[in-house]
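Following this line, the structures themselves.
Here come two complexes built around subunit A, the first alongside subunit B, the second alongside subunit C.
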Partner chain A sequence: MDFKIMPKSALPDWVKKLTILYRVVAPVPKHGQIVFDEITDPSTLTMLYPQSVLPPKKYLFPQHEVMLNYKLDGSWFEANIESEPTVVLGIHTCDLHAVKLFDRIFSQGYADQHYQARRDDIFLVSIECLTPCTDESFCRSMGTLSATSVFDLHLIDLGEDYAIEIGSDRGESLLNGFKNVFNATSTDEERVNDRLKDKWAEFPYRLDFDVTELSGLLAENFSSEYWDELGEICLACGQCTQVCPTCYCFDITDERSLTGEIGQRTRTWDSCQIDMFAEVAGGHNFRKSRAARQRHRFMRKGKYQMDAYGLVGCVGCGRCAEACLVGITPVKTFNAIHKRQLEKEEA
Partner chain B sequence: MRRTLVSEVVQSGSIFTPIPARIVSTEQLTEHEKRFVIALPEGLALHHSPGQFLMVSVFGVGEAPISISSSPSRSNGSFELCIRRVGDLTSAIHQLERGDIIGVRGPFGRGFPVERLRGKDLIFVAGGLGLAPLRSLIDEVLDERGNYGLLTVLYGTRSPDNILFKKELADWEKRRDMTLSITVDQPDESWFGEVGFVTSLFDDLYPNPRNAVAVVVGPPVMYSGVIKRLRSLNIPEGNIWLSFERRMKCGVGKCGHCQLNHIYTCRMGPSFAYSEVKDLEEAF
Partner chain C sequence: METPVAVKPKIAFFDFTSCEGCQLTVVDSLADHIELLSVVEIVQFREAMSERGEDYQIAFIEGSCTRPSDEPRLKAIREQADIVVALGACAHLGGINSIRNRQPLQDVRAYVYGEEAELFETYPARPISAVIDVDVSIPGCPINPREFVQTVKMLLQGRQPEPPDYPLCIECKSLENVCVYLRGKTCLGPITRAGCDAICPAYGDGCEGCRGIISNPNYEAMKAVLDWHGLDMAEVEAKTTMFLTYQTMNMDEKKENGHGH
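What follows is the complex of A and B.
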């Protein structure tokens, strides 16, 4: 492991320096919650935070994005690629795993150049989680409690210092010229090892089975009555998908300017929980019921993404559970399906 | 060599950028369906295979997936779309006229397995607007007729008024190197032909199952009945090809609307062998 040491007291100075060169985004308190937002004043920075309302995905894949500008008569049109060199600080490891999945999705087949441009411009500075975020998070069960390779820099809180793991040359360049960064000694290495070892005890497993069984379990239970039970209570509000770090489904809409000469094509986050999502022009809807739509969501998280991209589609952050107004949670759902499967096998 | 439309799209900087194309002519085929002949900008080639689709834009209105209804063998700088007026976008397209500009990007998706049809006896089954993408394949086969075995086209549609491509159907009917059967399920006084769903045309079908490949395109409700008939004729599951219609916003396997289990219909399809999808929930 290649890492450096930075005294915690030096962090604000370092961040201040970064803000001169880059847009810097970090978790900050807002209305009693934590959100990722642009910072100019490092004193608002909160590296120790429970859970952000939205994941930092909005900097890779914004809620609204103009993709195309054009004249209505078709005589002029131009792709709109928006990106800005950005450092995202303090990313939890669950959200880091979500970026890894996004990288696969948006590069497969025809690459999404809008995503790619932002991805190339972004520096991911993650932080090791040492205590669980919320009662709903279940990163340990999903295998996302350790950093995955996509980070540029990864911080580990050692009390007085941060250990900074170097993930890329670009990441290392963020430390260039900053004098309060030191090479790690063998003592530092031990401190890091202890930290990484000790933290496991803090995080309970919350799934009643191993995550590697999840895909098969869901495959067996496509016709489970449990989906109907979810359909009975689901409000189809789509909150679960809006807060999810691995949801990326989108709609594309056109808007005309008031002058009627030019227009824009915009991409907006969409939700598979909304009634019309899978309806085709003739009116046939492939997922008409709320039960079918909730099932689709959980199938994507636990099975389909694994089948398509080789990565599990849920990173265990628990945001959807926090957001759901009727208490639908992935942990309850997966465990309930598992319990019924066991009962089925015993019967 | 001419550049392809899709490479032009990619080079524009975004796979979501449509390229403006000109409407060369329009023809009202039925009350709700219109044929559009479209020309790409000078120097661009569509380079599609039958069964692929384009994302078609009306600037200021939106975009939708439309299958290409002309064959590659007859795409001489222009191509055809057959569009049913069914939503905002298609209604807007129907109002356009010769000389107007639409946006196109693509072709996208996996078309019909033309290579695997060589030397085979072909059974093409179309329901309603499904004839549009199949026509691309039919013309492709007719233009290389010697490369294929027997050709049977079964076409079912709602009523005589809904029959598409009447000119083409009349030509096909006259040909001695293919068999065309048409049925409607809501006949009127003018109709002297077959009456019933497209499955009723199977009563007179006697294929050699060892050498037959079927390609089926129609509305979602049509598939299970047709597949049952094909299977009862012992045509292997891998030799029954289908084309799936789904909601699509991006055409390139990202937006999620067309997702069928782990499969993005727009990218891995829209044509699939029945063997590939028969066990997928929500496929039919």
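What follows is the complex of A and C.
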């Protein structure tokens, strides 16, 4: 492992230096919650934080994004690529895993140039989680409690210091010219190893089965009555998909200027939980019931993404569970399906 | 070849039972979007001008239908206008005026007009769509200026404006507001149409539903959530009837009929 040591007391100076060169976004408190927001003053930054309301995916795939400007007569059109060099500081490893999935989704097939431009401009500086961030997180069960790739720099809190794992040359360049970073000694390596070894006991497994069984389990239970039970209580408010780091569905709208000569095409986050999401031309809605919509959501998280991209679509961040007003959570859902499967097999 | 000068569509504003706040919002919106005035001709707008023309193509109607004499007036507007737009919660939903629909009408009249109660005609308040066909609704109490301008633009371009039909939570969450339920209050966001920039939750107050209920809400689950958060039956009714009496009474009625069969 190639890493450096930075005294914690030097972090504000380093961040300050970064803000001169880059837009720096980091977890900051807002009305008693944590949100990722641009910082100019390092004192607002908090590296030990409960889960942010929205994941930092909003810097790769924003809530609203102008994609295209054009003239209606077809004489001119231009893709709108908006991106600026940005350092995302303090990203949790669960959210890193989500970026890993996004990288596959947005690059395979028809590559998404808007995503790609933002991705190329982003430096991901992650932080090792040493205690569970909320009661609802279940990263250990999903295998996202650590990360070995995707980050440019990865911080590990050693008490007085941060160990900084170098993930890329670009990441290393963020440390260039900053004098308060040191090469790690063998003692430092031991400190890191101890830290990483000790932390696992802090994180309980919350799924009653191994995550590798999830995809098959869901496949077998596509027709489970459990989905109907979820449909009964689900408000279809869409909060679960809004806060999800791996949801990426969007709607596209066109707006014309008053006199109708200029048009603008915008994409906005969409949600499979809302009534008209699956309504198609002619008025047919192929996922009309809330049960079908919830099933679709969990199928995507636990099976479809795995089938399509080789990664589990849920990273165990627990945001949807925190947000849900009727207590629908992935842990409860997956465990309930598993329990019924066992009962079925015993019967 | 010369481009023919397009004839400016004539538009008119009308008010029924309302506070006229939506028309004030229109005046505000026009002040910020002067360009709209160059593409339309306003022929009637009591709130803003004294001239009166009757040859309009687009009618914006604020207010609900609350008495028998409203009906012929609404029908006459419908007769004249090519496009009728319901402006704001009263016209769109019946709005606050419909709170009275759950009370005996005699009591309501006596409460408001005292001894002269008999002199004033009235009946249960309804959205204008209960009386005439409505082409477009601009929801909200008051309307959102951005949405008004957008709607006018789309109508002039011959497109059909559609107010959002997804819940406010979608919009509220994307703004990273603190969920009102976490503040120990209640909110109708999960069943109310988005499109207001979640302005009430952004300032810490629960949504009262002024933009109307989404299609196919889980109304029973919404009531259960309000109950879990400490609202008794009377409070749940109060919460769901501030703007939505007409809709919720219809839903209750349908449910009762449904159980009857």
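As a convention for this text, the second predicted complex is superposed on the first by the 345 of 347 C-alpha atoms of A that agree within 3 Å, B and C clash if a C-alpha of one lies under 4 Å from a C-alpha of the other, contacts with A are read in each partner's own complex, and residues count from 1 in each chain.
Rule of thumb we're sticking to: contacts are C-beta pairs under 8 Å (C-beta built on N, C-alpha and C of every residue); 3 or more make two chains touch, one makes a residue touch a chain.
Just so you know, these numbers come straight off a predicted model, no measurement behind them.
When the two complexes are overlaid, the chain among subunit B and subunit C that reaches more residues of subunit A is B.
Of the two partner chains, subunit B is the only one touched by A:248; subunit C is not. In the superposed model, A:69 makes contact with neither subunit B nor subunit C. In the superposition on chain A, A:168 contacts neither subunit B nor subunit C.
Looking at the shared chain after the overlay, A:280 reaches subunit B, while subunit C stays out of its contact range. Of the two partner chains, neither subunit B nor subunit C is touched by A:83.
Of the two partner chains, both subunit B and subunit C are touched by A:256.
Annotation: subunit A residues 255-256 touch subunit B in one complex and subunit C in the other.
Interface of subunit C with subunit A (complex): residues 35-36, 39, 150, 153, 156-157, 165-167, 169-170, 173-174, 176, 178-179, 181, 189-191, 214-218, 221-222, 224-225. Taken together, the subunit A residues at the contact with subunit B in this complex read 67-68, 70-75, 77-81, 105-106, 108-114, 222, 248-256, 263, 265, 267, 270, 272, 277-282, 284, 286-287, 292, 296, 299-300, 303-308. Subunit B contributes residues 10, 12-18, 20, 57, 59-64, 84, 86-87, 90, 101-103, 219-221, 245-247, 249-250, 252-257, 259-264, 267, 281-282 to its touches with subunit A in the complex. On the subunit A side of its complex with subunit C, the touching residues are 30-33, 35, 53-54, 63, 232-239, 242-243, 255-256, 258-260, 269, 271, 274-276, 288, 290, 323, 325-326.
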